[in-house]
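The two complexes that follow have chain A in common; it is paired with chain B in the first and with chain C in the second.
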Partner chain A sequence: MASRVATVRPPAVHTVRLTTTRFARTWPYVVPALFFFVGWQLWPIFRALWISFTDFSFLLDASPGSAKWVWFDNYVTAFHDPLVREGLMRAAIFTAIFLPGMVFLPMVTAVLVDRVQNRRLASAYRLILLIPAMIPGPLIFVLWIWMYSNGIGPINYFLVNLLHIYDVTNQPTWLGSTDLTFLSIALMEWWWGLGFHTMFYLAGLATIPKELYESARVDGASEWRIFWKITFARLRPILLVLVVLRFGTAFALIDEYILLGGFNRDRPTYTWTVYMWDTAFQVGDQNRGYAAAVGWIGTLGMLAVVLWLFYLFRNRD
Partner chain B sequence: MAVRAETRQVRAVRRPAPQRRRLAWGPVVKHGVLLCACGVILFPLFWVLLLSIKSLPDAYTNRIWPHHFDFGSYHRALTTIDTLPQNFRNSIIVTLATMLITTTIAVLAGYALVHLPMPGKGLVLAILVTSLFVPSRVTGLISIWEIQDRLGLINSTWGLILPYQTLALAVSVFIMRGVFETIPKELPESARVDGASSFMILRRIMLPLVRNGVIVVLMTNFIAAWGEWLLANTLTNDQDKRTLTVVMASADAGFGQWVWPNIAAMYVVAIVPGLIAFAFVQRWYMRGLQEGALKG
Partner chain C sequence: MDTYEVDVPVEDEEFIDDGLASELTRADLLKRGAATGAAVWGVSALFGAGTAFAGLEARALTPTFYQWIYDLHPDISKHINKDYAKRARLDAKIAPVQGFGIDRFVAEAKKKKSTWDVYVGMTPFVEMAALIEAGVIEPWDNYMSKAVLTDLIPSIRKEATYQGHVWAFPFLLDIIIQSWNGELVAKAGLDPEKAPKTWDELIANARKVVSSKAAPFGAVFDAHGWRSLAPITHTFSTNVYTPAGLFDFTNDATVNALEVMKQMKELAPNNILEPGKVDGGVNQTPDEEVFAARQAAYYIKYQNAPTRFAGTWPDPSKLRIAGLPKQPGGAGATVFWDTGAALFKYGQNKKQAADYMRFLTYDPRIWRHGLGKDVKGAPGQLAPYSSLWAKWQKSPPPWMADWAFTVYDQLKVSQAIRTNKFGLTQFFIGQPGWETYLKGTEKDPKKALRKARDLVLAEVKKSKKK
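Presenting the complex of A and B:
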């Protein structure tokens, strides 16, 4: 018995020591990344959760610590706040408009680019399509504010002065009117994301062996059928990943709403994110406790849908 | 040679007639759609470029192609908007710092997550993946403000560098992880047997191999930091502390010092560095994307 214990023990000690040395030798590589990740991404969001249970108002309290702990008061108020409900609804409507175009337009583009046989031409298309991806988002939004403008905007210049479809009195106000605003923002987002998302699909298309197409053609399958059964089927995983990722970004947009829509509460761009920012940094006593609660409601709603999407997509495959 | 010629002939004979007819309109549609897409992509950029060199009357009458060109707007923008050189410097500072720091830490983390026997690897990956689906930039903003306030970094340009590290951190780590995964495990293994330390392996063997991925990460962080608006707008107040993007976004476009050709010139100056950088690195960037950056 004693000898057996003796033979068992050293490996146990050995593994413990091995794990610690492994820690010491490998974690220094991830610690710098984790420092920033935890410090400015993970901690802030949980700190915001903590703040959401207080009545911390920036202009009344010195710090969140000196504010009163109010448990779920902010959340109860938020659930009865029409602006929160409206804000979530508006974000959902925009997501519904934006998402189909953002996943299907690049797919069609990718299929077309993939069929360009001339190498030079194919890479030229890729490069041109990628140009907007090399411009930072907020700068894209600034440019499109000008594109949509009634005064300087070339879009209305075409419609009014060149094509005479509208005149100055009835020209479309792309960003001002409630009906067109989301479509205008979605168009801008598609313009911006087309090339980058096309690259995802092209990477997927590159993995489809060409023999599959050839044998399908030999079997007499129609091009349409080939597209659905081979191309679309193979691209589906990428499509689903993009749906989940883009849902996440679309539901929590804020820069474009503030830049293109401002803080007018009647505008569709006044979503839960803008409401949160407005409440926290601009309006009244800057009630950051309440703003944090609004932020967390939006975040939880988003996470719930993401989980639901994951469940939905996993089920089908 | 003869054989090849023969097969070519056979193929030509076998090709059925209907396919030839389809080929006649297929490429037209294909290239037509793609050329239209390229036109739509390029038009706004050409428009703003033209606007920056239009004379004032042409700019305000909306003519697409101006009667008179005026290249003085670039000079005027820099002289009449007195904070502009400073804003430009601010943007360069925060962007370069973000590119260098985030890329370095993403390379280190990506390397450890793939090629080192790291305990807790799965947990780190799981947290990073989850962060992609949480709008922490929006919801955490209130607390980011608090942290920066505690550190005395509100209204500080340099202070922006800290929160900027997280703009594309998770994505950068995933890109580097994807690229590191394309390197066979046997390579570092054999170097380790020869006595090389893990850092030596990274520097001497890995870095040259993941060069394209590093380019992708550098570009990603350049784009994220150069045009960042929300944090910079929330955390700084004075115009001379702000970055180019924030100043341009809040400009009262069309009036006074912000007359259209001036602001368009400013815009061109703001987007050209990225486009030039992309023109230079596009070959490696494209390869980096293909090498697994897109799988991350």
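Presenting the complex of A and C:
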């Protein structure tokens, strides 16, 4: 009995010291990441949420703290605002045009490049595909604005001066208020992102055991069936990542819209993001409380879609 | 080599002389020491002034310019600032590409500080009301001399004044005019030296250009309301503002202007209503492309657009410029705007700022370069002072562009768009409304303009009521 008592550890001091030491040794490494996570992500998110419940106007109020708390007024107004509804709808249309091309074109390209047997040629293809991804965004926009230009752009030069399909009075206007606007922007984005996204799929393809293909072929499966049952099925996790990432990019696109479409509210490019920016930084007293509410409505809509995408692409193994 | 003499109103020399004869306070001496380039630290030490105060006045006058102003007027950085620096301390800056603009100004003002003393680049109808409302700038009233104030062309003085105070120190004036490509007009069998006097005449000429196949397009304009709808409206009447200072979209003059635009649009390229390629769609607009490419004969825009694009033609001398046409009984005015200077409330060296702006804006090199007919791509911005124009009219300088006096005459009756915090944005907000008529989806111009008005009023209503 006595010996049993003797084996019981004297409590706390040792455990507390151990825990403290472990804490002191490990947590300092986490602090920088925690600092950036809280300061750069959590704080702005909650700050914007808080501002959305106030009537904060940048030009009139000294700080958001001095603005009036208006509860859900901004949200109620935003739900009745045709510009918000129309802006969300325009963003959804662009996303529907943009997303399939941005996800499936690289997949097809990756499958084709993956089949190239010659190593040098395969590397050359990869390199060429990656060139657009190396070009900074502003240069891409300048380049494509020139491409689509009516007077000096090579696309219309080809259609008007070489093929004579159109003349200068009826040539297609690619950007601005035409039905071609979203398709024109999507084309630019596909070209820009093709190489980068192809690399994602190539990485995914490299993880698929070659034996699976060999066995399927031995069993007499067609190439089409092999693609759907092996390649596509195994690339689902990559597909999920790309769909979620690119859905976010497409639905919340703003730079391209402002650069290519300006602030005319009738343009298809005047989406909820541009409206939010316009309200927060340009119009009237710069009503940032309202702009934050518009931003949160868009964000919540996006979060709902992302959750649905996660469900859609859930692991079914 | 040309020599230049800076015309300075005699009264304004008081900046240097007046105080010396009267009793000086310590603060006055420190301020003037800073302004005239004296070592303020030394002066403040001599008088035992507090370090904080000395530090406050230690910096040289710090105006900030947009890069485009330096580009269009290279004499500013090459000569004028250097000349001024011989007279007083100057630290002129170029506006940073990022982190510059009303947000930065307001954020600094909220902390009661300012990186710069003077903002050279303020366009009153665009941003003046917002800067005043946010407490960023203060009036020039106590710093601009009476001589300068009375020398301003009255319409420009009116533009710079808001609620009884002068908030802008006018500098570079842009004005909406008509221009035409003389070569295309002659090819259509019209007299290239004869400016269309009425809108009907301009449209008839433009039709003839198209029907004669002299050019594919007869007339072009910039679709932004402050560059087309408002100036064309001013040719009918300038009494087109509501008591709140908003543009009156439903005025009869505005309806007339929209009808003129509709007729011109039929003679313009199919992308004429599209936004521009840079600056949020505001610049490099489709009209510029076709006029530069010599595909359009008549052009309605601010003066430095045609002067720049004619520089790309094989023979730039074919460019002709005149004031906007007017209909019989119309006001015969147009729209202009001045890119002037604002005085930061929490800046320093305020009296020196006024002295510098006067030194800069009276310098003949600016106007010689800007209005010189031998200067390639001359910006054509007009001088804001009556005395300069009186002198030039008395003895026309050989270098001056032929069109300058014609446009100056129209300036006398013209008006700027009223200062309002929706001064610029009302034209973005209302554009979808009036464009329904231009696009043909609405047949009645009055209904289209009512829609434009309603869109603007809805946005104004959203604005906070304080």
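Here is the rule we go by: the second predicted complex is superposed on the first by the 285 of 317 C-alpha atoms of A that agree within 3 Å, B and C clash if a C-alpha of one lies under 4 Å from a C-alpha of the other, contacts with A are read in each partner's own complex, and residues count from 1 in each chain.
Please note the rule applied: contacts are C-beta pairs under 8 Å (C-beta built on N, C-alpha and C of every residue); 3 or more make two chains touch, one makes a residue touch a chain.
On a predicted model such as this, the values are computed, not experimentally measured, just so you know.
Novice: Label the relationship between chain B and chain C on chain A in the superposed model as either fit or clash.
Specialist: Because the two structures are overlaid on the shared chain, the partners are seen to clash.
Novice: Applying the document's definition of touch, where does A:Leu175 land relative to chain B and chain C: first, second, both, or neither?
Specialist: The second partner, chain C, only.
Novice: Quick one: classify A:Arg267 as touching chain B (first), chain C (second), both or neither.
Specialist: second
Novice: Would you sort A:Asp285 into first (chain B), second (chain C), both or neither based on which partner it touches?
Specialist: The second partner, chain C, only.
Novice: Between chain B and chain C, whom does A:Gly151 touch in the aligned arrangement: first, second, both, or neither?
Specialist: It touches chain B and chain C both.
Novice: Regarding the shared-chain residue A:Arg115, is it in contact with chain B (first), chain C (second), both, or neither?
Specialist: first
Novice: Given the touch rule stated above, what does A:Thr77 touch, chain B (first), chain C (second), both, or neither?
Specialist: second
Novice: Looking at the overlay, what does A:Ala304 touch: chain B (first), chain C (second), both, or neither?
Specialist: A:Ala304 sits against neither chain B nor chain C.
Novice: Which of the two partners, first being chain B and second being chain C, lies in contact with A:Asp55: first, second, both, or neither?
Specialist: second
Novice: Once the two complexes are aligned on chain A, which partner has more residues of chain A within touching range, chain B or chain C?
Specialist: On the superposition, B touches more of the residues of chain A.
Novice: Would you check which partner chain A:Leu259 touches, where first means chain B only, second means chain C only, and both and neither mean what they say?
Specialist: Both chain B and chain C are touched by A:Leu259.
Novice: Can you check which stretch of chain C gets into chain B in the overlay, out of 94-102, 328-336 or 346-354?
Specialist: Comparing the options 94-102, 328-336 or 346-354, the clashing one for chain C against chain B is 94-102.
Novice: Go through chain A and flag every residue that touches chain B in one model and chain C in the other.
Specialist: 63, 145, 151-152, 258-259, 281
Novice: Please give the residue numbers of chain A that touch chain B in the complex, ascending.
Specialist: 19, 22-23, 25-27, 29-30, 32-34, 36-37, 39-45, 47-48, 51, 63-64, 108-109, 112-113, 115-116, 123, 125-147, 151-152, 154, 157, 161, 191, 194-195, 199-200, 203, 206, 223, 244-245, 248, 251-252, 254-255, 258-259, 273, 276-277, 280-281, 288, 291-292, 295-296, 298-299, 302-303, 306
Novice: For the complex, give me every residue of chain A touching chain C.
Specialist: Touching chain C from chain A are residues 55, 57-60, 62-63, 77, 145, 149-152, 167-171, 173, 175-177, 258-267, 281-285, 287, 290.
Novice: Could you please specify the touching residues of chain B with respect to chain A in the complex?
Specialist: So the residues of chain B in touch with chain A come to 22, 30-31, 33-34, 37-38, 40-45, 47-48, 51, 59-60, 62, 64, 101-102, 104-106, 108-109, 111-113, 116-120, 124, 127-128, 131-136, 138-147, 162-163, 165-166, 169-170, 173, 198, 219, 223-224, 226-230, 234, 245, 248-249, 253-254, 260, 267, 270-271, 274-275, 277-278, 282, 286, 289-290, 294-295.
Novice: Any idea which chain C residues touch chain A in the complex?
Specialist: 103, 106, 110, 130, 133-134, 216-217, 269-271, 273-278, 280-282, 286, 289-290, 292-293, 295, 421-422, 425, 428-429, 431-432, 435, 455, 459-460, 462-464, 466
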